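First chain A sits with chain B, and in the next complex the same chain sits with chain C.
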Partner chain A sequence: MGYALNFNLIWRHFDKLWGGLLLSLELAVISIAIGTVIGLVLAVWYVSAGRTVRAIIAAYVEFIRNVPLILLVYLVFYGLPTVVDLAYSAPTSFILTLSVYSGAYLVEVFRSGLEAVPRGQLDAGKAIGLTPWQRLLHVRLPTMLRITLPALSNTFISLFKDTSIASVISVPELTFGAQWINFNTFRIVEVYLVTTAMYLVTGYILLFGLRLVERRFRAAR
Partner chain B sequence: MSETSNAGPALLDVRDVSKAFGAVEVLRSVSLQVERGEVVTVIGPSGSGKTTLLRCVNFLESYDSGSIRIDGKEVGYLSAGTRQRRGERDLAAMRAETGMVFQSFNLFPHLTAAGNIMLGLTKVRGKSQAEARQAAEHWLGRVGLAHKADSLPAELSGGQQQRVGIARAVAMEPKILLLDEITSALDPELVGEVLAVVRSLAEDGMTMLMVTHEMAFARDASSRIVFMADGGVSAVGPPKEILAAETSNDRLRTFLARFRASHF
Partner chain C sequence: MVGQILYALPFLAQGFALTLWVSLLVVVLSLIAGVTLGVGLVYGPAPLRWAVRIFSDTIRGIPILVLMFFVYYGLPAIGLHLPSFWAAVLALTLFKTAQVIEYLRGAVASIPKGQSEAAMAIGLTFRQRLTYVIFPQAFRRFLPPWINGVTDAVKGSALVSLLGITDLMQAINQVIGRTYEAMPLYILGALIYFAVNYALSLASRRLERRFSFIRE
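Right, the complex of A and B next:
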C-alpha cells in the first residue's frame, strides 16, 4: 500500500471538528428535549384517548418512522419555506426536523412504557384516593420512567448520531466539518478515522452517563 | 349479628348488585350488610365473584344495577336510580374513605415503605411531609416494620411488603378496610405475620370486609361469613354455622369438603 497516514493536516483544522462536535451535541440536546416533550404529551394523550386521536397519533408515528430522516430534512429545509412563507436558518430547520422525528420515536418508547405499568399499581393509586392527574404524576410516570430508561438511552444515542444528517443542508456540525477538511486537504482516511473516533467516544460517554442515571433511578429513594 | 351493631343503617350496605362481563354474569343480585366494627369474610370457589364484589365496593369496578352505600352515601353513582357516574374527583374522594389491600401487594416500587404510606396522606389528606412521615412511622411500627421505613419494596419480603400494604391502607383512616386474598401470594411461612396484623386491627374495632382462603383465620377472626357461589350469596351466618361440616347447603358442603381434602 502506498498510502502513508499523515494526521498533521487534520490537527491543523481540528477546530472544524471540535466546533462541529459541540454543535452536534447542541443540536441533539435541543431536539431531544423538544422531542421528549412531544413524546410524553402524545404518549399520555394516546393511552387515555379515544380511537380518533389514537389513529392520528399512530399516523404521525408511522409516517415519521417510514420516511428516511434525510428526506424529512430536505422537505423541511427546501420544501416547507416554498409552500408557507417562513424563513429559518439551516440549524433551526434541522432542530425542527429532528425534534419532530425524535418525538415520533419517543412516543413509542413512552407509550409502551405507560402500558407496561402494572394495573395493580394504578388500582392501588385509585384505592388511596388519588385523582387521575395525581395517579399519572405520582404513580404512572415514575414507574414508566424506570421501565423505559434503557430503551430511552438507546434512542438518545441513536438521535445524537442522526445529527450527522444535518451536514446535507450545510449545518457545520461534526460530519460537515469532516467533509470540509476532506475537500480542502484530501486526507480522507485520516479525517474520517478521527471523526469516527470522536462519534464513538462521545457516544460512549453519553451512554455511560445515561447508565449512571439508570442505576440511580433503580436505587432511587 | 355482631354485638357492635346499633340501630342505624349498616356502614356498608350492598343491595341487589349485579354485574356482567359481556355474557358472563359475575354478580347476581348480591346483597350484604357490614356493621360498624364488624369483620365479614367472603369465601367461595374461585370465579364466584368474591373479588369483583370487593372491587365494586370502592368502585375499582363499576356495577350494572343495584346499590352500594357506605355510611349512607351511594358509591360510584350520584344515585342508585339515575346511575349517573360520579366525577373523577368525587370518586377519588370516596375511595379515600375505603382502604384496600391487594393480593399482589401493589406497592409503588419507586417509593420507600414510608413513601408508600405518605403519598396518600400528603396528596389526598393534605398533611405536611413531617406529619405524614410521623403517621407513616407510627403505622409501620404497628405492623412491626419501624426499622424498614426507608427500604424500597424490592428490598422487602412478601410478608413485609404486604404489611406495608396494610399500613398504607389503614393510615388513611378509612371507614372500612377491604382485604382481597391478601395472603394468597405469600409463602406459607409468611402468612402468619400478615394475619397477626389483621387480627390486631380487628381487635381495635376496624370494620373489615375480606376475601380469603384461610378458613381457620376466617373462623377465628370473623363476625360473620358470607359464602358466595356462581355470583350470588349462597349462605350467610356466624363462622360456626357456616363452617359446620353437616350444613344443609349442598354447594357449601361440596366447597368445604373439597377445601378440607386439599388443605389437610
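Right, the complex of A and C next:
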C-alpha cells in the first residue's frame, strides 16, 4: 500500500467541490424542470394523437434513450454550432442537452402513468359534466402524478447523477472539481472519497425528500 | 466530406469493435458477479447481506464517471497497476454488477412465497428448491430488464473514451480532430449506437411479451 491518507489539500480546495456540487444541483434542477415540461406535453399529446404524431414522439424517445449521453453532449456543444448560427456557453449547452435527454425519459414515465389511470375515473369525470380540459387537469394529471411518483423520483436522482457528464465539456460542476483537485494535488484517493460521499449524501437527501412527497401524495385507496 | 468519412470508416469500425468488446466483457463479468452476489443478498447470512446491500447502494448512488475516475486514478495510487483498458472494464463491471444484483433480487422477490413453501413441503433441499422451482421462474422475470440493461452497458462503454481508450466514441472524436466534420460524424456515431441499442431493446420487449403469461 504505502499510501497515507491526507485530506488537508482537499479541505484547502473544498470550494471547488462545494461550488461544484451547487452547480451540479443547479444544472439538474433547471434541466429536470424543462424536461418535465417536455415530458408532460409530449405524453399528453401522445395518448390523444394520431399515428403520425405518435411515431414522431416515439422516434424522439427511442433515439435519445439509445444513444450515450456523452455523445449527445459533444454533439450539442461541438457539433451543433457548426451547422446552426448559435453561440452558447458550456453550461447552457449542457442544460439544453440534459433537458432534451430527460424529456425523452420523462415522456415514457408520464405516458405509462397516463395509461394506468383507471378508465372509471375518466368516465366519472365525464358523468359529472367536466369538459375534456377539466378532466385532464383535475382527474387525469393528478392521478397520473400519484401513480408515477416512485418512477419519477428514480428518474430525477438518475438525472442528477448524469450531471457529472458535464465535466467533459469543462463545466465546473462536482466531477470537474474532483478532477481539478486530482490533477493539481495528486491526493487522488482522498478527493474521490470525498466526492463519492458528496454524491451519495446529496442523492440520499433527494431520495428521502422525494419519498416524503410520495408518502404525502400516495394514491388514495 | 463523404470521401473523408469513407476514408475513416475502417478506423471507426475498429473503434466500434472495441466498444462491442468492452460491452461484452462488462455484460458477462457483471452477470457472473451480480448473480452470485444477488443470491448472497437474498439467501446469504446477515453479514453477507449487509455487505452486498452496502456495495450495491453505494455503487448505484454515485455517477458512473466518478466511479471510473476513482478506479482508474485511484488503483495506481494504492499500488495496483492495471492497464487502462482493464481499469475501465473493472469500473464499468462494478457498476453493472450492482444493477444485476437488483434485477436478481427483484426477480426472486416476485416469485410467490407459496412456491418455495410447496417445494419445502415435498421435501426438496435448498439447492433443489433453487434449481427446480425458484430459478426457472425467476429467470423469466430477470431476462427482460437484464437485456434492457445491456443497452446501458453499451452506452456506458462510451465513457472509456475519457481514459484514452479508442472505442467508437474516441474514434469519432479523433476523426473529427483531423477532418473538422463534427456534425456528420457525431450523427453517424449516434446512429451506430442507436442501431445496436434499439435492436437490443426490441429483443427485450419481445421476450417480455413472450413471458407475460406468468402471473403474480
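Quick note on the criterion: the second predicted complex is superposed on the first by the 218 of 221 C-alpha atoms of A that agree within 3 Å, B and C clash if a C-alpha of one lies under 4 Å from a C-alpha of the other, contacts with A are read in each partner's own complex, and residues count from 1 in each chain.
Here is the rule we use: contacts are C-beta pairs under 8 Å (C-beta built on N, C-alpha and C of every residue); 3 or more make two chains touch, one makes a residue touch a chain.
Source: prediction; values computed, not measured.
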Inset, instruction - Consider chain A as the common anchor and indicate whether chain B and chain C clash or fit when overlaid. - result: fit
Inset, instruction - Could you look at A:G120 and tell me whether it touches chain B, chain C, both or neither (first, second, both, neither)? - result: first
Legend entry - From chain A, separation angle of chain B and chain C (C-alpha centres, steps of 10 degrees): 100
Inset, instruction - Please indicate which partner A:V67 is in contact with in the superposed arrangement: first for chain B, second for chain C, both, or neither. - result: second
Inset, instruction - Pick one for A:V194: touches chain B only (first), chain C only (second), both, or neither. - result: neither
Inset, instruction - Please name the chain, chain B or chain C, that touches the greater number of residues in chain A. - result: C
Inset, instruction - Between chain B and chain C, report the minimum C-alpha distance in the superposition, expressed in whole angstrom. - result: 22
Legend entry - chain C residues touching chain A - in the complex, by the definition given at the top: 58, 61-66, 69-70, 73-74, 77-79, 151, 154-159, 161-162, 169, 172-173, 176, 182-183, 186-187, 189-190, 193-194, 197-198, 201
Legend entry - Residue ranges of chain A touching chain C (in the complex, touch as defined): 1-3, 62-63, 65-72, 74-75, 78-80, 82-83, 161-165, 167-168, 175, 178-179, 182, 186, 188-189, 192, 195-196, 199-200, 203-204
Legend entry - Complex contact set, residues of chain B against chain A: 58, 60, 88-89, 92-100, 102, 104-110, 112, 115, 119-120, 123-124, 150, 152, 168-169, 172
Inset, instruction - Give every residue of chain A touching chain B within the complex, in rising order. - result: 118, 120-121, 123-132, 134, 138-139, 142-143, 146, 219-221
